[in-house]
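Shared chain: subunit A. Partners: subunit B in the first complex, subunit C in the second.
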Partner chain A sequence: MSKYYLFQDTKKCIGCNTCTIQCKSNKNLPLGPKISQIIPVGPKMVGGLPRATYVFMPCFHCEDPWCVAACPTGAMQKRAKDGIVFVDHNLCVGCKACITACPWGAPQWNPETGKAVKCDYCKDRVDQGLKPACVTVCTTHCLQFGQEVDEIVNVRKRRHAEAVAALDSNAP
Partner chain B sequence: MTEKTCPVAQLIQDLEQVLASGRLHDAKNHRRSEEIRALLDDVAWGRAGQEHLPAIRQLAEEMCQEAASDVGDETGGRVLQALSDAEEVFQSHIDTHNCASGACVRLAPAPCQMTCPAGIDVPTYVSLIGEGRDAEAIEVIRKDNPFPWVCGLVCTRPCEFMCVRGRIDKPVSIKFLKAFAAERALSWGQYKNPSKAPDNGQSVCIVGAGPGGMSAAYYLALKGYRVRVIEAQPSAGGMILLGIPRYRLPREVIDREVAMLQDLGVEFVFNTRLGEDVSLGALREEGFAAFLLAIGAHKAYRLGIAGEDDYPQVLDAITFLRAVALGKRQVPGKKVIVIGGGNVAIDAARTSLRLGAESVILAYRRTRHEMPADEEEVEQAEEEGVEMRFLTIPEAIVGRDNVLEGLRCLRAELVAQEGSKRMRPVPVKDSDFVIEADAVISAIGQQVDSAGLTPLEGLDWTRRSTIDANMVSMETSLPGVFAVGDAVTGPATVIEAIGAGKRAAEGIDRYFHGIPQPKMPPVPVRRGRIQCKTLTATQKMAAKRPEMPLLNIDRRRTTFQQVELGYAEPDVRDEAGRCLRCDICLRCGKCVEICRDKMGVNALEMGYFDFDHPVETDFRMTAERCILCGACAANCPTGAMQIEDRDGERILSLCGTVLNRESLTECAVCGTPMGPFRYLEYVRKRTKGVGPLVESRLVCETCGRKTAARAMQPEQ
Partner chain C sequence: MTQSIYSLCFMCSVRCPIRVEVKDGQVKWIEGNPHVAGMEGSLCPKGAAGISMQYDAQRVQSPMIRDGERGEGKWRKASWDEALDYVAEKLKTVIDTYGGHSVVLGERANLATHVSKTFLKAIESPNHFTHDALCKGSVNTACRSLFGYTDAQMGMDYKNARHVVLYGRNMFEAVSVKEVNSLMGALSKGAKLTYIDPRVTVTATKAHRYWMIRPGTDLALNYALMHVILDERLYDSAFVDRWVEGLADLQDFVRPYTPEWAEKETGVAADEIRDLARELSKVKPAVIFHYGYRGAHHAHEVYLRRSILILNSLMGSIETPGGLFFKKGPGAAGGKPARKLTEQELPKTDQPRFDKVGTKDFPLPDSAHGVAQMLAPAILNEDPYPVKALIINRLDPLKSIPDTNQMKEALNKLDLVVAVDVNYSDLAWYADVILPESTYLERTDCVQQANGLKPQMFLRRQAVGPRYDTREYSVIMRQLAERMGIEKYFPYTTMDELVDWQLEGTGFTLKDFEAKGFVAYGKSQIFWDRLEGLKLKTPSGKIEFRSSLLENAGYKSFPAYTPVPEDQKDVFRLVVGRVALHTHVSTQNVPYLNELFSENVLWINSAKAAALGIGTDDLVEVKSKAGSGVIKAYVTDMIHPEAVFMVHGFGHEAKLAARCYNKGVSDSVLQENITDRVGGSPALHDTFVTVKAA
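The block that comes next holds the complex of A and B.
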């Protein structure tokens, strides 16, 4: 797990997709890849009313990432100092192993460059003391970014474990 | 055009650097730079039109004028400088769709086209022939060579020597494919002249109806000139008629292609020798404003040995062949010796046999290895019974009472000479011997017969007694007088003369329009980008260059019938399929490197990519190891290597050759193709240590995200 958190308060999110658009624009991505994306879940009937939830899906920046293990060229890396998982585009040859390996679809295909792209928490911005692009434009301020505190680490670890478990239990 | 870098590629690189550096803060100029880069990309990809360069220039000028910063001014200036320094190269990218340096990878030309003296787009016409589009192939060839049928039979085929397929097995039979297409198109009435420009009222006179002169006539006629060709002989063809015997090039082939020129309005005046029957001055008065000297090299070198002038049975090959070509079919003797080792010597020897000589001996100073004659010609001559005597230096012609009795020769040994790769024959002392003969034919080379040109004052000659001409524009020292062919180069090839003829047509056209002549030789023009034929790896590898069927040996010894009978149609179509499409695949080796060094798969065995260290090539091997990851295709700069998912399969192909195909496994949720089993195995193996996820479940990235989002949604 990276030492940062990127937390979404789904209660506040209205699914306006500004985060996704800003993310693409910041990374100069063509049609196709969405390295952070709002996934609408629902609507479900809650108290007789339909209600949808919007889940922000960037990258978990796993402790032990599938994508890094899968990458044959060493392009997919985990940054030692803060645990950010990122692609070095100079090394990526476009074999898509990371895309295939990741259970959450975090690495995506950039057809223009023929290489994989993924959320790296905008590490260039983070290094300058700025926040990731998506966070800066969130209209409802439901996205929060910061250095981790123990409590949040635990919450994230639990959620990550849940995500893994849910996938396994859904296995056909 | 041998420079390694290309000014177009260089300018794009420079611009990208400026754009990436972020130094160009001024938004307007940043946009302009991006626009210039996009336009330059078009140039480098062969998509640019005539408006591109002016548009780039205007944008660059705007950048300089409105520069809010030094960087803007500097960048604009850099672009303008590049355009003015290398305008011809930029323009040539647009006109020819070829980048001679290969730096603009999409426009990197094929070796066969680059080596052809006429710059014919070989991959394009070979591909068209492969598809059975013979008439279109002829149309493509005739853009650079008006005589596809002639060349299809007698070209020295430099293209085949450069053919990359030759590094795998044998070169593609380019020469004969051309002959087949020409013959087929003519026979089916599809061999047509292109439409010509309207008459421009200017007249050009061409001296000599050989391949060089007639090529110029063809391209000038297409440009709208009134062209008259004067020829000393009673028919057109020049050396291809007089020097090349009929068993190699039937008369009809020449006649039919010459008739195409007459159809275009080219006027031929035969039995007219410049300097004897007509003079340049008289022609000028008649209204001819430009002249092309294409008189060839028809004068034989003398042997310079004793007895040469003492016997009427001593002939020179070129006079002998000319007499035979013009109908004087007399056997030179019962026992004939031909001196020389070039194609003319072989032609004289084989012609003597056909005329009834009982024995023909070819005496050559060096060894078989050094013979300049075409290997196949030598082989065919030997089959017919020509005897080769190597390391034999003629010393004197001996005889008695005006009757030739033999050739006294010395044995030679080869000695390396400084500064030359070619070994020099040195006579061995006291080794002389006599070969019995009653006729000796010398074939030791030809020179230009300058007799008719001596009245031309101010015409410069080279030290080799050829006309001194600029090899790009074909201008001579006299204004309005151009020269091509053997008269300029000394004895050379048909295709060289044709290439020069086309350059001369351009030079003459510029002369009339007062446009400056080009400084660089023309870059061959890419005439198309024909879709690759889909073949299996086995088909591509297993196809063999067909053997040329030959006339039976008895007829070859007795008649002048065409020796090479030609391929059957299915062989022609299959042979075209052997072409590796070097017009598309650059052979840069990126795919091999990535597969081997980056992916660690090493499924591509493309030895032919490396000219200097060719290792094995086997397209069939790829399917054994390839995991169909697609990294090779993702990194191919020209789109030669392609991967696609079609009908439940993932297919990898290189220029149409299917290297590997496997059925796809689908996403367990939505059915989107995920990849073939072997590829998923590869990923599974690598991620084994991380967790069992991929093993238990196959979901595509979209479904993976959806499932995860649903799982993460807090209970409500």
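The block that comes next holds the complex of A and C.
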């Protein structure tokens, strides 16, 4: 894995696709590729209430990325300093081996350049101390980006504690 | 060299504060203004698609003059001088023959509305209207009937609410960024959300309580809630005793409307209605019954909106954190508002408005906005007089006002139709002349007076020069005014000069907006003392459950409830709404938004669809008294059997908006032009349709 985490707080996600669009806009992508997409699942009735989940699908930046292994030209790479998996467009020949190899559909086809494109956590922004495009403009701030994965653990623990705490005067 | 400019978005009408990055004259990045609470970088999907809109070659690129028949799509490019001369000559002929009042100007209310209002006054026409009535005319009237303020002068403090009740107010798909984050913040702190809608929306999937109410019966539910609240004395008696006029009348009125009665009408169990009333009472006054941004559904709309506001009043949730509040202007913080051109001494006319608002026929709607859906009947019937010229800015009467066929017939009677727009709207397609407006990224706009708990001013600032041969609306109106000989009312030639003029006397200058994109009049929130200091503007100075506004105009404060028609196998109430990816009728052709949502479908309940032999993706014919269309079906359990639903804004007819041309069906083709004659809204949900396999 890369040394970063990209956490989606599904409780706050409203499936609005601001992330998807800002990502495309930032990378100036043509119609077609959606490299950080929201996939809605539901709604379904769960315990008498309608519930849906909006699953965020960027790239997992695998420890042992199949897309990198599949790439014949060395265009698909894992960045040594932080583990970000990215395509060097100068080396990509558009063979689509990475697209076939990835189990999650992370690398996608850019019909305008005839090359592969994928989520690189906006490494140019990250190198400037900024956050990825999707995280920066997320409507509800449900996307969080950072280096210390303990931050997610703390969010989860705090949320559980708040959910079970009996301090709410709404409680019977 | 990258420049950073603070501005205001305009992909919808909310005007979220944004920060824009420009490099080499190109917009490279847009994000929510990080200095504004509730924005902090956030955008909505429409806002994120701003660059996609900006560099789309399918928007209007130069002034166009019609060559063929109206709507035929034959155009010739024109210079600005030629197009403006053409419009001015036609307008002068119409005014000389029929009088200034034969000119009507309509627009989606915007920062330059004071400019277009001034133009009309200068030519002695009373006929400025906005889209507001289509959205919330009856909400406006309901607010005035109870508090003496319009809905625009009131707000809701979601952030501190303990329980929010939404009636089809689909906040998580309307995506007004600050509102979404305020509500989300309250939910994270343990607030409860009750959502009532015949259809499951994204908002429903986040709610603690969801009622799939029988469509059209929200008012019955509210009468039952009032019955319980009064019967069990669940209301805030200190507040109600001090401020409410007409409690005893309400008590008498709601006595027969028991939860058991409401259960039969609404399908919501009587016990659940009681539970909600009791639960809300425990956390009062930090309770919001949302009175609806969009509140144009039924012919009795004003009474539904009043019932919601009455529920808030009973809970004491007025002028309190976590409840409703009255917006404070600069005066409350010892400041002065920006000037408007309408403050000048302008000619007066004694002609009635085209929609007759303010006459005894139609006394109560707000004449500051008028009633848009009266446009076609007024033109067709020449009642109260002939209307001959129409100027439309950023509004699409063919797609936003019920009964497209009626509107087309009306447009054909006009001598002049002018569209000022960024896009090829259907109205632009039907116009004689299109005057292309610069986008929100290409123009500085008039000052936004943002009243609220903390009064502020915001500014939309030009980020890049116009990509095509386009101009700012305020400048277009000034240049038209020069040709009409009324330029003395427009003391500017550029936007910066107009903004300078507006800011005179406020103590602020253009430069003050550079640091953060806004200026604030004070630092702290202003609440009036809710026990003694409510400055209500009703004649009694109280919250008028029994309304002098209504009763003096000959209407009842508490008319008896009229039940909705019985369910039928193949007849459905047509319900319409929004998705996060589109704004009204204006974004369907934006490349990135169109890519993700390119066509609307018809939601229909699974059991009903099975009986009619309809499956998902089947083409079905939807037909009303007003029109018909063929659309794909979406079969689901997530909609009430008596309703069908479609997203508003599709079925475009302008061929140059090629991506969205002829995709899906327009709800306005199907909707009948029915009006709440008291409040002024169109009854957008009072059209019944049949559905069959196409």
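In the analysis below, the second predicted complex is superposed on the first by the 148 of 172 C-alpha atoms of A that agree within 3 Å, B and C clash if a C-alpha of one lies under 4 Å from a C-alpha of the other, contacts with A are read in each partner's own complex, and residues count from 1 in each chain.
Just so we're on the same page, contacts are C-beta pairs under 8 Å (C-beta built on N, C-alpha and C of every residue); 3 or more make two chains touch, one makes a residue touch a chain.
Model, not experiment: these values are computed from the prediction.
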Which partner does A:Thr136 reach: the first (subunit B), the second (subunit C), both, or neither?
second
Quick one: classify A:Arg51 as touching subunit B (first), subunit C (second), both or neither.
both
Tell me which partner A:Gly114 touches in the superposition: subunit B (first), subunit C (second), both or neither.
first
Per the contact definition in the header, classify A:Lys12: touching subunit B only (first), subunit C only (second), both, or neither.
second
On subunit A, which partner's contacts cover more residues, subunit B's or subunit C's?
B
Kindly classify A:Pro43 by the partners it touches after superposition: subunit B alone (first), subunit C alone (second), both, or neither?
second
Which partner chains sit in contact with A:Pro65 here, subunit B, subunit C, both or neither? Use first/second/both/neither.
first
Where does A:Thr73 make contact in the superposed view: on subunit B (first), on subunit C (second), on both, or on neither?
first
Touch test for A:Leu31: subunit B only (first), subunit C only (second), both, or neither?
second
Shared subunit A footprint, subunit B vs subunit C, residue numbers 42, 51, 162, 168, 170
Taking the complex as given, what residues does subunit C use to touch subunit A?
29-32, 40-45, 47-49, 51-52, 162, 172-173, 175, 177, 180-181, 184, 188, 190, 192, 200, 202, 204-210, 279, 282-283, 580-581, 591-593, 595-596, 637-638
Considering the complex alone, what residue numbers of subunit A touch subunit B?
10, 37, 39, 41-42, 44, 46, 51, 53, 55, 57, 64-66, 69-73, 93-97, 99-108, 114-115, 159, 162-164, 166-168, 170-172
Quick one: in the complex, what on subunit A touches subunit C?
12, 14-18, 20-22, 24-26, 31, 34, 42-43, 45, 49-52, 136-141, 162, 168-170
Quick check on the complex: what are the subunit B residues that touch subunit A?
594, 598-600, 629-631, 634-635, 668, 674-675, 679-680, 682-683, 686-687, 689-694, 696-697, 699-714, 716
